[in-house]
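You will see chain A twice below: alongside chain B first, and alongside chain C after that.
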Partner chain A sequence: MIDTAYTAPQEVARLQRAALIVGIVGLLALGAGAFFEPLQFWRSYLVGYLLWAGIAIGALALLMLQHLTGGGWGLVIRRVLEAATRTLPLMLVLFIPILLGAHSIYSWTNAEVIAAHPALQEKVRYLNLTFFSVRAVIVFAIWLLLAFFLNRWSRQQDLTGDRALAKKMRVLSGPGMVLFVFTVTVAAIDWVMSLDPEWSSTIFGLLFVAAWSLSALAFSIALTAWLTKREPMAHVVAALHFHDLGKLLLALVMLWAYFSYSQFLIIWSGNLPEEIRWYLPRTHGTWGVIALVVVILHFALPFLFLLSRRFKRDPHKLVLVAVLILIMRYVDLLWVVAPNFPGTGFHLSWMDLVAPIGFGGVWLAAFSRQLRSRPLMPLNDPQLPSVLEQAHEHHESEDFIEEASA
Partner chain B sequence: MAEFDNPTDLVAAARRTYQAGYRRINGYSPYPIEELSEAIGFTHTALPIIVLIGGVLGGLGGFFMQYWMEVINYPLNVGGKPYNSWPAFIPITFECTILCAALAAVFGMLALNKLPQPYHPVFNAPNFALATRDSFFLVIEASDRKFEHDAVMKFMSGLGPKDLVDVEV
Partner chain C sequence: MADEHQSDAPHHTTVPVIDPGLTFASVTDKISSIVLKRKTPLAWFIGFAISFILFQLMMLAITNLVFVGIGLWGVNVPVAWGIDILNFVWWIGIGHAGTLISAILLLLRQQWRTSINRFAEAMTLFAVAQAGMYPIFHLGRPWLAYWLFPYPNTMGVWPQFRSPLMWDVFAVSTYATVSAMFWFVGLIPDFATLRDRAQSKPFQIIYGWFAMGWRGSARHWHRYEMAYLLLAGLATPLVLSVHTIVSFDFAAGIIPGWHATIFPPYFVAGAIYAGFAMVLFLTIPLRKFYGLEGFITMRHVHNMAKVMLATGLIVGYGYVVEAFFGWYSGNKYERYMIWNRMHGPYAVYYWALILCNIITPQFLWIKKVRSNLLLLWLISIVVSIGMWLERFVIVVTSLHRDFLPSSWGMYQPTQWDWAMFVGTLGFFFSLLFLFIRFLPMISIFEMRTILPEAEVEE
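What follows is the complex of A and B.
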């Protein structure tokens, strides 16, 4: 009846092969683009990279969150989150080109630009390529270490069933969460905010904490909904889990909107030339239209749908909002990053489309490979029996409701 | 009224009662049991729509309260910004939405439950005080269309309760 080893269904292997082909073709096409339009290439590379690295990094936050809170929702997505964090070494490798191409991406690497802006001369002690690289190494080292231990202990728990491991993971997750906020703040400021080295916003790091966690949750929901159509997860995941995941999605959508709006409101109120400079190109012309689209499709529409209890409990509907949010994460990143690249006004290139698909393919292939390598449920987690029992009762009561209404 | 030892028996009994065609049934338990409300056929409540209306009215009220103050009643030039500085109105609009939605939730819940209710016949049952401690109760109310005293007592004793009592209305 129920596969107690929880091996991933065949479709995951198929997804891995298909994603790898799409990913390699996409990245090769993007690489070819570097020879035609190098600046456009770097813009597309950075946005595509940030979108998928954000899912891997955000998964680390959700993984620690579910260790801290416990609960069935966390248990059913834990293996998805763990597999996502095991793609971090790949994201480290894909970060190396950004370091190599920093001269084409970040204006503060250019001595002439620094000489022309007195404010920048004060910032070069922080914003220089050596320290930038050191910081990237440190934040990646912290993420990789957290991911390494959480994955290793979770695997040991599968094999030995040692009850102390659950506590170990919980104890690491508390300080890990604090470290996470600091490291993401450093990464967000370095990788994105420094595109405009004279502009600063103190909420920028938190904005990425929310945005990346949101990306990871939307991805986990979409993937779990897909897995739930198949055995063995069809027996494990019930409407109540999607209900909880939907509630968390609503909370993160609102958190992201709250941080975004806080940044906008404070800068709008202050109305200082050096601050509003960041918003002016982003709220006028075509970028202004895109800003409106982001407000509606990244916040208002998901917010309204996620209010409904029935909507959150139906994986077929919830997955639509999750995919919409993933697409809007890309649009939002493009809106944040692209206007800082040379070339006035709005323009899109074929590379803007190829980059997220290429990175997505390669990332999904690595993710599927990791997901297949372990059981889809933590086998010996202390919470597992009660979660399974609850799911079983739940499926029974759903059958009952269907009978009763028929 | 039937008394049970544990929630699983209560939910199972409630399902069988619902399937037997009884509709005016109720369960009492020391803590919330998610399956129970579905088992007694309590699937719809007007509360979400009441909360939504409360939230929408609160949001509109919050926004236009500020609009009326800043634009109509006492226009004040703040930093050269337009009177209708809607970005600055959003936080208070948001707070008013939450306030009114929360008030609608609390009072809507009380109204739908017909609370406060100083008297209810179930309190006549001798063991009923245990409903707040460690006992689980299932009631078929006499106002049920299918209610027929002897048949109900026979049916409920078939549910295997720990105890079965007849409550005076």
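What follows is the complex of A and C.
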């Protein structure tokens, strides 16, 4: 029988415990690294943080998108997205070390550097630690507020089934999307672009909107595929949902590649000294090889696989691409962030491995805890009956096909 | 991404896609009678006459231009690209809505596209025809335009493939070809319907010729559906690529105001924005005049308004980001470019653009405005003007003051610039009037597929 309460399976609790242990060990090891190589510590911390914060932040965009467009694909991952957005307070806490360590991360906090670069003196009104902190607070406040209301109304919908709530969430999501794009732009400029304070690119904000949404979708697909192996989701999520999710994944992969390539082509073509300097270290030597790897594994390979209909409909295969994209999101972030840190040239440290695992463990533990706290499907969403009916019909026809072919 | 059952049901339960009272027969009758039976209304003749006169103005302007040379236009150093190039970008942008509606919405299984795709595709084709003329006549010696193509010759002339202007040649010609094929293939079953229903011999022969022997057999339909989907797949990347390459025409250079990495998505969004404004501008009077409210319902109007709002917001984001980065770059030329746009001699264009393109569409958040046809029609005009101003600001204000103040200059379009622009409007509307009169402006066979009668019990 289908469990109408949609309680999360036991495995989520197990995941939470395991992730917490891995996460704490990882972060402790990373913290120990701070005493040996402080600069490397900050580099690894920032990249690890951005990877997992990106999933939580991107989940907010997808959550609002599914409220705006509707559709079964949104309903089956809605609770995963909501749980991811409820980890934002944790990501705020983990951001505090970045504020405290800003002097070691961002060269524009250093008065001597500013004195030596006339171009930087022009923008101290924006690039100063006070305003930087104020912006971070505002940006987080907006994300937290959006996440708070969307989660709260969704919870109320479970309890009361009030039909006005679906509309409320939709109405908030329109302006919410606008706020989201602007706040992510500010975050991308502040946290990443200002690592090279003299360099700027107007598409950088959109690049992060696409990249973080892609991270969140890849994670949601991987987790939903895992949940679908078990009850209660095994009876809810059907191949057609993975098909739609796969299409959206393909669209976001292409969007990310489109933004990245546009930025590269325009800067390469202009070849201005103040712009091309960002690409030169990233396209030569080992970083250049990594750039090629990003092109192939972050775009070409997922693109080719996701073109196939059969591939998108099979969760066992789709999950492979989703995990590949998540790994490549990390490689891409490393490629964007690391060359800005002094100690020129290519080098990797054990901390570059420990940081994403440590952050991932802590984040996954928080996420699992949030996921368990609510039913895995929105119980009283007006769309739910039609989605369940579709899934039911779909499962029956699949069984029928399997029997016929056997 | 969204399945029609899922995406449409919850939001629009009250507003159906088309009038629920329609049947197979009444759909065919209603649409084909505009072409075959009904008397051509007087207003059609008046509208066509005005458009045709303006079209003749274009012919005059072009003849004069070819004889005298492009000194007839206001373009000169430093503003070597004037409103001719801006009109090229404007027209080609308008075309994008048609391709988006016909290709992308088809692949996304959005049923509401069916009522407007034929019309929007025609608009695309006619707009691309206008756009294509400008760069060719801008060459100065349009009879040598074929030099743009890479072909073996004894002159040693070979195109510069690193130049986006060269990519434009291929992008636009591909776009025109695919759009024309898509439109024509979509028309074949309807040509057959018109052939079968036409009363006079000449029309039977002409429509029959275009119908290419269509008999509507199961095999025909099978092949047809396949071909149509393949063409949709081919046309989809064009929605992005054409205007992306148009944006590279500017962004690949290093002029402040042109060289910005945000240009590709910003241009594409602007194109779709302008295109939907044009579709609304044309369909609102048409549906009323020909009584097509049952086909092009408020549902369509709402959706088009929403697409306009969304793309308008992306364009607005582009302005904010451009202004911010002008300052943030710390580069004095970039900063001056933004200052010059806001306070320079062309500042009035900039502020008019902000008013038209950013402030006006914000009214579309309000459902009452989206339901008010007159207001919506006015907004679509304002947006069309706004998008024209946007290209003016990008093309002219960036060029007229770039680096050295000694090489600054002003630009003033001449009467011949305007004659050409007004003339292409005339040509565009002439083609549209002919289309409305002689071809079914709504796809008859596709409308029949979304009727309740078409649902098959398995």
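Assume the second predicted complex is superposed on the first by the 406 of 406 C-alpha atoms of A that agree within 3 Å, B and C clash if a C-alpha of one lies under 4 Å from a C-alpha of the other, contacts with A are read in each partner's own complex, and residues count from 1 in each chain.
Here, a contact is a pair of C-beta atoms (placed from the backbone, for glycine too) under 8 Å apart; a residue touches a chain by one contact, two chains touch by 3 or more.
Because the structure is predicted, anything quoted here is derived from the model rather than measured.
Participant: When the two structures are superposed on chain A, do chain B and chain C clash or fit side by side?
Facilitator: Result for chain B and chain C: clash.
Participant: Kindly classify A:His394 by the partners it touches after superposition: chain B alone (first), chain C alone (second), both, or neither?
Facilitator: Once the two structures are laid over each other on A, A:His394 reaches chain B alone.
Participant: Quick one: name whichever of chain B and chain C touches more residues of chain A.
Facilitator: The larger set of chain A residues in touch belongs to C.
Participant: Go through the superposed model and pick first if A:Glu274 touches only chain B, second if only chain C, both, or neither.
Facilitator: Once the two structures are laid over each other on A, A:Glu274 reaches chain C alone.
Participant: Quick one: is A:Arg309 in contact with chain B, with chain C, with both, or with neither? Answer first, second, both or neither.
Facilitator: A:Arg309 contacts chain B only, not chain C.
Participant: With both complexes overlaid on chain A, does A:Ala234 touch chain B (first), chain C (second), both or neither?
Facilitator: Once the two structures are laid over each other on A, A:Ala234 reaches no partner at all.
Participant: Looking at A:Leu39 after the superposition, I want to know if it touches chain B, chain C, both of them or none. Which is it: first, second, both, neither?
Facilitator: Neither chain B nor chain C is touched by A:Leu39.
Participant: So, does A:Leu265 touch the first partner chain B, the second partner chain C, both, or neither?
Facilitator: So A:Leu265 meets both chain B and chain C here.
Participant: Shared contact residues on chain A for chain B and chain C?
Facilitator: Dual-contact residues (chain A): 240, 265, 269.
Participant: Of all residues in chain B, which touch chain A in the complex?
Facilitator: 11, 15, 18-19, 34-35, 38-39, 41, 43, 48, 52, 79, 81, 87-88, 90-91
Participant: Enumerate the contact residues on chain A facing chain C in the complex.
Facilitator: My answer: residues 69-73, 119-120, 122-123, 126, 166, 170, 174-175, 178, 181-182, 185, 189, 198, 200-206, 240, 244, 247-248, 251, 258-259, 262-263, 265-267, 269-270, 272, 274, 382-383, 386-387, 390.
Participant: So in the complex, which bits of chain C are touching chain A?
Facilitator: Those residues of chain C that touch chain A are 1-3, 5-11, 162, 164, 240, 244, 248, 251-254, 259-265, 313, 317, 320-322, 325, 327-331, 365.
Participant: Which of the residues in chain A come into contact with chain B in the complex?
Facilitator: Its residues touching chain B are 240, 261, 264-265, 268-269, 271, 307-309, 393-394, 397, 400-401, 404.
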